[in-house]
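Consider the two complexes below, in which subunit A is the common component and subunit B and subunit C are the respective partners.
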Partner chain A sequence: MVDNVIPKSLDEALEHLAKGDYQIINGGTDLMVKNRAWSETRLDFKKNMLYVRSLEALDYIKRENNVLRIGATTSLESLLYHEHVPSVMKECLHLFASPAIRNMATLSGNIGNASPAGDGLLITYLLDGVIVLVNAEGVRKVRINDYVKGPGTTDRRSDEMIKEIQLHDDAFDYTVFNKVGGRASDSISKTSFAGAVRHEKGIIKDIRIAIGAVAATVIKDKSVEHMLRGQSIHQLKEKIPQILEAYEPHIQPIDDQRSNRSYRKKVAMNLLEAFLRQIASKE
Partner chain B sequence: MKRDISKSIDNVEGREKISGEAIYTSDITMEGMLYAKTIRSTIAKGRIRHISIPSMPKGYYTVDAADIPAENYVHMLHEDWPVFAENSVNHIGEPIMLIVGPDKEVIKDIVGDVKITYDEQTPVFDLSDSHKALEFTKGNPKHAFKKAHKIITYGYETSYQEQTYIEPQGFIGYPENDGVTLIGSIQCPYYVKNAVKTTMGMDDDKVRVIQAAVGGAFGGKEEYPSLIGCQLAVAVAKVGKPIKLVFEREEDMEVTTKRHPAKIHMEAAVDETGHIRGIRSHIGIDGGAYMGLSQVVLSRGMLAVTNAYTIDHVNCKGDVYLTNTVPNGAFRGFGAPQMIFAIEMFINHIAEDLGENPLEYKMRHMAAQGDLTATGGVFRDPILLNEMLETIMEDSAYHEKHKAYQDPDVFKGIGMSWFLHGCGFTGSGEQEKIRARIRLKKDDKDDVHILIAAVDMGQGPKTTMRKLVASLLEIPIENVHFKNPDTRYVTDSGPTVASRTMMVVGGLVARATRKLSEQWVSGQELVVEESYRQPDYVKWDQDTMTGDAYPAYSWGINVTEVAVDPNTYEVKVKDMWNIYDVGKAIDERVVLGQADGGQAQAVGYATLEKMEHNAGKLLQKNLTDYIIPTAADTPRMHNKLIDNPYPLGPYGAKGAGELTLVGGAPSVALAIEQAIGRRIYKIPATPEHLMELMNHEDH
Partner chain C sequence: MKTIDFILNGKPIRSELSADRRFLDVLRKELGLTGAKEGCGEGECGACSVLLDGKIVQSCILPLASVDGKTVMTIEGYKKTKKFKAIETAFLKEGASQCGICTPGMVMATEYLLKNNPAPSYDEIRHGLSGNLCRCTGYNMIFNAIRRAAKEGEGLW
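For the complex of A and B:
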């Protein structure tokens, strides 16, 4: 029999994590499904479970200038209607699962899950997210690209849990979020794309590109983004073939029951190109 | 003036279903009730070498083929489908035994400890092993093809479709009266009863079948429940206690029947004027591991070979191929959606090859009253397709849109299909196989009880049958009663299938109601019965498949508008305009509800619902991976009905339920063809498939 713990405070949760090996369960919208069992019988959990969703102290949305701080137990549904949440993230959340799921699910859970198809993960990459981890000793901050090690694996140590996600927003002029799922809503992404750009007087000041579900983790190439900053839109337009070439080798999708490799790759490249051409059209 | 029967009333089941009061099978518990879980084959084909069963705690049982008192097959048309696999298995998921006991946790452990070893054999997955071949001929197709100016040939393919009813399959069974009683989620109480009688070797009065509230069926609960009903009856007889067997969603999707994948070859002999003189066709359907109802599905598919067109010379062949996959079976439309997809696409493709306007070309071949059907029967009743077409063309602005969407850069398209659906059982099935009997009872309070075996699975007969009787008797609907059928009390009015419930069963109910009205004595109990008589003019020869395949036909037209995203190849089905001739709607809202649902299923069939297997194992076996449309994927629906009363239907009613699904897919596919400037030969037209088509240069 597994041990089921519902801590009353963050400290209590951390005490448990310090003492033993727990599977942290937040909204449960993924773990409950993964560990489903015959109706009216116990779920198929193999490890001791620590239920953190009811920790109210971690249910918050705060903004300090460009940094959006999202507590670990904040529901996706509450993000969807919050004034501080950037529009590109809301676009994503509108298409995220179903309302029932959104009321239970959290961004921290989506990140902790580290599925390459996680839509919340894509936005966290786009907004250069920083994961704030906490254990009984204190906090530690890890950038999202260092945090996610591969499908389902992260940098989190067994005595730590996610306390907060910090997203770095900007006054973007143009953003896109494309979720390509099996249908218009309530689906798992076959591929996903998010892009954002800020430009002044024809010069690119900030550009972010994130591509999901086409590699072991979300693709976000900072070197390309840095290279494009300070360039003119006209220069970007000239460089579109080079930019596409830079991303192409990163896009290594798989065949599975939801789609196939060649479709995922082609669509990811199409969406990237469409985003770049849209920026170029603002010249 | 009397109220128009079509004017809608509240659905009598609406309140209890929406409030949650309706009692479904899984809501029922009985004192001392046990649970059952199925042990299934993990291989596609082989012999069972050994079954190792752990030591069973007291009160736990295994139930398998050895416990069957009489016949180890599910009584249907053929005797090939075992109740429990014995010695050999023929598909992954085939039931081998039940584990029965009081505690589900313990059952789960026992199930995990049962070990089966097999001698594996080479499974068959391609369409090569024909177990039933059918053929019919009209006119002289040989001559027509010999004299043809041009012969045009194409092949079409359709995929699996899963019924995806909300409520999974299940029964609760208990011993009663030295026999067995089953309460379940079913479409056909007497199919289950007859199957259980055969398997148990029990007399008629020992088997009782009761319908619980049914959370959707779509054909999926036509024949499959007979299998698990028999298994549970065997278990109840062995254990002597109430037992519940309810499937999980994933289990249900993996092991229950689906729409048959089909491969259809079409050939047309065209004369100098471009007219189609003859059609030759072959349809092969994948029956899965056992025949089940596949032969009848094949036959309905073949009978739709010329759809709503008149073609003078026809040869149609078909085969049911068995493969080592889950058996396929009944699903709304029953073979017709496959064939109507093929013929609608084909006739458009022919027109394009000939440089003709497809709409005008289709109109030149449109069936008219008095024409001969594909099997040489007669379209006796008026056909209103021209009037329907005029209405729908105007409502959808078809011509303007069709012209505007010729521009390849807009990635939009509009498509149109028209179609017919034969009402009731195929051929002489009603007369020879079903022989429906119905009973009405008036009690001493002058309330009328409808005693028929028809099941309300959401399509509304509880509402419409009561409305029909109340209207004919001119009494309030509250004085007419229609309970979930219980074979102890209701006669065998036949299965709830084939769009037959209102036209055939309702027709008998109307006749009995008139009889009741004539014999009415207030305050006195009175019982009247009616049974089916085939109209004398309907002639059908089952051996040659010639004559009147159906007593009547319903008609429909779908127009669909789509937009395709050139970056993601995703299809947005934006609008559907639909018009149907169901004779006369007994309740307009009920039929329009059927339209919304049938069309949504057609949109899914055409674009989203991809299901495939890898070496016999289904890859899409839950609602995350098997994609059915959500509200966001469902187009705006603009539905209309046109009255065309059928003389033998109650108030003129014909079949309605299947009509709204059978022809939708080609209208969607034709719209996609226009949007992408490429031809479609197979569905579902998924984005992955459209990408291949769009990136393929020569077309």
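For the complex of A and C:
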């Protein structure tokens, strides 16, 4: 029989994590489905459970200049209606799931799941997220690309939990979020794409590109982004074929019940090209 | 014995059940409240919708642990309100309920939508109800009913 713990404070949660092996459950919108049993039977949880969703101390949204700090138990619905949350993230949240799911689900849970198709993960990559982990000893910060190791695997140690997510926003001039799924909201993405650009006097100051559900984790190629910074929009326009070529080998989707490899690859490449052509049109 | 305490439709409840029970089962099996229905059992269809601290959630994927210290309203409690009457009347006039399985969830989703947006556009209604599936009406009657409820119940929300 598994042990169920509902900690009343973060310290209490960390004490349990320090001494035992617990599965952390936040909003539960994924874990309750993954461990689903038949109606009126017990859930199929294999481990001791630590229910953190009601920890109010971690329910916050703060902004310090370009950094948006999101507490681990903040709901997606709170984010959707918060003044500090950037528009590209709101576009994503709007299509993320239904209001009922958004009320329970959290960004930290979506990151903790580390599904290659996680919409929240895509935005966390786009905004160069940093995961703040905490254990009884203190905090540790890990960049999102180091945090996610593969589908369902992360850098989190068993005595740690996510305390906060820090997103690095910019005064973007143009952003795009595309989700390709079987249903407008409430579906798991077949492919997803997010892009953001800031330009001044025809020069690209900041550009970010994230592509989801087409590889073991979200694709975000910092080397291409760095290469494009400082270039003119005209130069970008001329480099579109090279940029597409740079991303092409990273896009390695799978066949599954939601979609297939060739469709996903084609759509992901089209979304990338459309984003680049939109920037080029601003010349 | 660790207990889970919450307010259900205005009444305090102390539960000694395991925290990993699905809240939908607690409602239907333990408390005899069968208004919330089980459709898909995985948070996709909205038939099991209830309000948790005034916010719509799917009770089939809600562990009992998550209601500890909170306030829950189900269709049985909501039925006693004036707002429900306005929604009920609008649903009847528009023929927005046929087999009725999705209706309690549709009503809870309508309440959550109108509480946050008393005069929603057609598109906002569609988005507000995006987590609720209906296999009978084809949705238009439901969306029209919500528009009617917002109009005829003006001032209630």
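Quick note on the criterion: the second predicted complex is superposed on the first by the 283 of 283 C-alpha atoms of A that agree within 3 Å, B and C clash if a C-alpha of one lies under 4 Å from a C-alpha of the other, contacts with A are read in each partner's own complex, and residues count from 1 in each chain.
Convention: a residue touches a chain if its C-beta (ideal position, glycine included) is under 8 Å from a C-beta of that chain, and two chains touch if they have at least 3 such contacts.
Quick caveat, the model's predicted, so the values are computed rather than measured.
Asker: Looking at the overlay, what does A:I6 touch: subunit B (first), subunit C (second), both, or neither?
Answerer: second
Asker: Quick one: is A:I101 in contact with subunit B, with subunit C, with both, or with neither? Answer first, second, both or neither.
Answerer: In the superposition, A:I101 touches subunit C alone.
Asker: Applying the document's definition of touch, where does A:A171 land relative to subunit B and subunit C: first, second, both, or neither?
Answerer: A:A171: touches no partner chain.
Asker: Taking the superposition on A as described, I'd like to know which of subunit B and subunit C A:L271 touches: first, second, both or neither.
Answerer: Touch partner of A:L271: subunit B, not subunit C.
Asker: A:L43 contacts which: subunit B (first), subunit C (second), both, neither?
Answerer: second
Asker: Pick one for A:R258: touches subunit B only (first), subunit C only (second), both, or neither.
Answerer: It touches subunit B, and subunit C stays clear.
Asker: Considering each complex separately, which residues of subunit A are in contact with subunit B in the first and with subunit C in the second?
Answerer: The overlap between the subunit B and subunit C interfaces on subunit A comprises residues 39-40, 42, 184-186.
Asker: Within the complex, which stretch of subunit B touches subunit A?
Answerer: 26, 37, 104-105, 108, 246, 248, 566-570, 572, 608, 619-620, 624-625, 627-633, 687-688, 691, 695
Asker: Would you mind writing out the residues of subunit A in touch with subunit C in their complex?
Answerer: Residues 2, 4, 6, 25, 27-29, 32-33, 36, 39-40, 42-43, 45, 49, 51, 53-54, 75, 77, 94, 97-101, 103-104, 184-186.
Asker: Inside the complex, what are the residues of subunit C that reach subunit A?
Answerer: Interface residues on the subunit C side: 2, 4, 18-22, 25, 28-29, 38, 41-44, 46, 49, 52, 55-58, 60-63, 65-66, 68-70, 109, 112-113, 127-128, 130-132.
Asker: Considering only the defined contacts, which subunit A positions touch subunit B in the complex?
Answerer: Listed in rising order, the residues of subunit A that touch subunit B are 37-42, 178, 180, 182-188, 257-260, 262-263, 266-267, 270-271, 274.
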